[in-house]
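Structure record follows, encoded as structure tokens.
Each chain carries a letter (A, B, C, D, E, F, G and H) given by its place in the written order, and its residues are counted from 1.
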Amino acid sequence: MADRTWQVYLSGEIHSDWRERIAAGVREAGLPVEFSAPVTDHAASDDAGAGTLGEQAEPFWRDHLGAGVNAIRTQTLIRAADIVVVRFGDKYRQWNAAFDAGYAAALGTPYVTLHDAEFDHALKEVDRAAQATARTAEQVVAVLRYAIRGELP
Amino acid sequence: MADRTWQVYLSGEIHSDWRERIAAGVREAGLPVEFSAPVTDHAASDDAGAGTLGEQAEPFWRDHLGAGVNAIRTQTLIRAADIVVVRFGDKYRQWNAAFDAGYAAALGTPYVTLHDAEFDHALKEVDRAAQATARTAEQVVAVLRYAIRGELP
Amino acid sequence: MADRTWQVYLSGEIHSDWRERIAAGVREAGLPVEFSAPVTDHAASDDAGAGTLGEQAEPFWRDHLGAGVNAIRTQTLIRAADIVVVRFGDKYRQWNAAFDAGYAAALGTPYVTLHDAEFDHALKEVDRAAQATARTAEQVVAVLRYAIRGELP
Amino acid sequence: MADRTWQVYLSGEIHSDWRERIAAGVREAGLPVEFSAPVTDHAASDDAGAGTLGEQAEPFWRDHLGAGVNAIRTQTLIRAADIVVVRFGDKYRQWNAAFDAGYAAALGTPYVTLHDAEFDHALKEVDRAAQATARTAEQVVAVLRYAIRGELP
Amino acid sequence: MADRTWQVYLSGEIHSDWRERIAAGVREAGLPVEFSAPVTDHAASDDAGAGTLGEQAEPFWRDHLGAGVNAIRTQTLIRAADIVVVRFGDKYRQWNAAFDAGYAAALGTPYVTLHDAEFDHALKEVDRAAQATARTAEQVVAVLRYAIRGELP
Amino acid sequence: MADRTWQVYLSGEIHSDWRERIAAGVREAGLPVEFSAPVTDHAASDDAGAGTLGEQAEPFWRDHLGAGVNAIRTQTLIRAADIVVVRFGDKYRQWNAAFDAGYAAALGTPYVTLHDAEFDHALKEVDRAAQATARTAEQVVAVLRYAIRGELP
Amino acid sequence: MADRTWQVYLSGEIHSDWRERIAAGVREAGLPVEFSAPVTDHAASDDAGAGTLGEQAEPFWRDHLGAGVNAIRTQTLIRAADIVVVRFGDKYRQWNAAFDAGYAAALGTPYVTLHDAEFDHALKEVDRAAQATARTAEQVVAVLRYAIRGELP
Amino acid sequence: MADRTWQVYLSGEIHSDWRERIAAGVREAGLPVEFSAPVTDHAASDDAGAGTLGEQAEPFWRDHLGAGVNAIRTQTLIRAADIVVVRFGDKYRQWNAAFDAGYAAALGTPYVTLHDAEFDHALKEVDRAAQATARTAEQVVAVLRYAIRGELP
């Protein structure tokens, strides 16, 4: 069988170590995965536009400028992904994570959501269009390991 | 010039009268618009699956069932829409509204966001992929009137 | 809200009256639905090729010829459908029904499966890509009524 | 001429050695082919959801969960395939094999069916949309060898 | 069942009355079909460019100009068609008919070829991608009648 | 043959009467055409954003806002068009006209350019991807008349 | 600038050495090109079906079988091509070459035709949708060299 | 994270050293980027058709021929690009740059415009569909560095 490298995009929350935990689990399992992600340095992400193209007087346009620059990265990487993992944490509203899920759904790219049960009702539409909903980073690793190697924990 | 009827889908918040205000404004202006929307009766929407296909023991699967039935409606109508308006209110997390925005963006369907300035920073990615961000239902009517008739207030 | 006519394609089993029961329920509920379906006369369907283009000596090519003529109808109607309903009965293998489900899935067209619980395990992949799984024609009517009107039984 | 590696996805029956026979024939002929397939360990495939994301009380949802996890693998690999081979054996209904055929057809990916003559009539729609119907694994190897190298047995 | 009007594009040979015979048969059978076709006046078709945009000194560019103007018509109508019928006669090379068949194939639009058996070998690739090959205009009518009404002669 | 209404989008220059001349010629010829166009009132077009969503301090963002609102109209209408006519006049740089041409080309929608010979060299890429290049509004009418009716002047 | 390898598919006539002449010219110029083509051994191509899947009694179905097996190769390679060259010789009708041109046109893949001036009128539609028409293999090499390196003879 | 190579197409003005400055900045920053571009030798670009396929008597057709040959290169490279940068200088009308922007927009490929503030109003539609507007080559490098590495200057 083929020695395919799987492209996995890790969308959403940037304030906990879930990406590192998934990457560590994948490394430990020896899976052929290349990860990509949005810029996860919150301050840098907020300054993506003003820091590259110049400061803006209006906060709305400052954010607009930054979101455009971030989108160059995120849309390119989501389009190149085989699988998207979308994480919803307990802080912030994370509408961009849900936006990425809708974007992946329309492209026909399978995605996995990762969140606590307390958000199940609010995320029901996003979870329904997903191929799986995980509670922990370890479960995401188990899903990737099964999808790639057919092995169960 | 052609007497086109414009299909406009009204996504998002279901707890205020913004849809009615947009519809009233459009009617008053005499614009050729047909509106569509998700089911806006919150209780019915939550029971969409259990009420049609049978009650479920697990809340997660109850929601999952309902989200599937709702998606039959929403995906069909978004795909048929010329323009999507996505409303974010101050209650609930409304991840499904952001999901719809991402879905529309990937389809290449233009959309307009409608929300207060307090959410500007959190919604910057969703606003960036939109063609316009409005603060009031009246502004949405003005945008539709301009887009359809070329008339300004 | 718009007075949309919904296009619903009824795929699969042709040996029971499930299409008529769905049509009757939809008519009773006054839903704006136009139904389409494959040719449901089994003998005519088998003779679709030989009867129009000439008899064939080899059974394989006779079937091949007929399947092509049937596909002119079925592919056109599935592509034009908003929603597909796929019925699996207890007779025959009905691989064409599963084929239609896969075709609809790849097109991004929402579909509903209709079958008894005894086939749940064998149909799990087909059900997973569906937006809903119904047990009775009446449940399909309930789903359509909700999707179109937002009304629950 | 180019030294292309062909991606071939082997869909369907998991209870005989047809995949191994095709792989052996391709190896013997020295063809540049990378194979992919669903998870062919029946027990693991059935536990794909419960084993990675947690046990479920209801059999329907247990299957649903597993089918989603399996789909992450199968949809990714089918989308990446140049050619799909779809095998129908004499046990089980194998609706997922027919689903994969419909999915490939809608994507425009050429596929080859592999089955005994006894299923010709039941599979006529699936065979019609295929580019070839083979009776033996050896015939599939012959088709691949011709398609890749232009050599006949 | 729905009262659909079927769009049928009649491509190819313009020196015999096959279009009229199909139209007459369809009218007699009372089928809901709207036909479209390239411009079938040979002289007008050759002058499509020079007659609208100005005479050209070089024959190559004169033809090029005319082919562009004809393509405005043909590409629009083929894209709008449910079914394409492609006729190959015994005069001229009719490469544009084969071009239309390839174009329809890539769009996923079902097409029917119409030609004598003497061209079977030369047209095998074009026939293979078709859903049916007819010998007479009457057979095309029979195919359309079956596809639309499910009736056999 | 079918009584199709053709959707024609008239893109580009807004300072001469070319749209009116085309419309008059089409009316005179009795062609079944529905025209659409961007907002052709220059002042209204420039105020499309500020006039509907609020004045902006920075000219760049004022234009950005207006261009988004205009794009709701133009992208919707171009996507709905069968044919696009793109006019380049002798004033202004009209980059948006060339943008529309590129957009139509990528969608596979046939378009006709309309400009004087002095711009031939500068517009060679835009003209090459067009199906025809006209010098006068009357020539555009002749092309439409031929494409729709097969009649030459 | 990038060291891209260009994929070029050589479609059409199989009775002269035009493919070898293009390959030799490309090799001499040191261009980074990988060529692909249909099976150019006429006898093997005719036996593609019967030789791999079994002899057929009817010539029509024998050709049909072979055309399907050939299409596995040709459709895969055309879909993977950056550029298609389509050669029309003076023998045979070569409808499959014109079919490939239409297929490439609908995919948006640029193609170059290669034929003598005597076929200009008959090939005008096929040439119009091409990006270039060459008279000799050497001209095709010149076009490829320019497209890849920007160098003129 | 993955060691992706980013494909960046540099469209537009060919009379200043902006491409070299971007390439130098990217090299200095050590970014994994492969650049592509149209042929930037103005004379060669104008002779692309006449120099490869033969001289033409009419200037219009000479340009037409050359634009076709150039399009083989530019359309292939734009389709293969992750990001397009579109430069508008102060000389010439550069309609082909705007055409490329529209083409990229319809494909869903993110692009960055690069031009002086004096063109802001004329380019507002082109800038609106872009993800960013830069004033200097150095800003483009900063945007690429952020998009690829998440680093700000």
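Here is the rule we go by: a residue touches a chain if its C-beta (ideal position, glycine included) is under 8 Å from a C-beta of that chain, and two chains touch if they have at least 3 such contacts.
Every value quoted in this text rests on a predicted model; they were computed, and no experiment measured them.
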Neighbours of subunit E that also touch subunit D are C, G
Look at both sides of the subunit E and subunit F contact and report whether the same residue positions are involved, with over half shared, or different ones.
-> different
Just going by residue numbers, which of E-F, G-H or C-D has an interface where over half the contact pairs are the same as at A-B?
-> C-D
Can you give the whole-Å distance between the Cα centres of subunit F and subunit G?
-> 36
So how far apart, in whole Å, are subunit C and subunit F when each is placed at the average of its C-alpha atoms?
-> 42
Averaged-CA centre spacing for the pair subunit G and subunit D, given as whole angstrom | 30
Check: subunit A positions touching at least 2 other chains come out as 68, 71, 106, 108, 133
Given the complex with subunit A, which residues does subunit H contribute to the contact?
-> 1-4, 6, 82-83, 108, 110, 112, 130-135, 139, 142-143, 145-148, 150-153
Residues on subunit A engaged by subunit B in the complex (per definition of touch) | 59-60, 63-64, 66-68, 70-71, 74, 88, 92-107, 117, 119-129, 133
Contacting residues of subunit E [partner subunit F, same complex] = 7, 34-37, 39-41, 44-45, 47-49, 51-54, 65, 68-69, 71-73, 75-77, 79-80
Per the touch rule above, subunit H residues touching subunit E in the complex are 56-58, 61
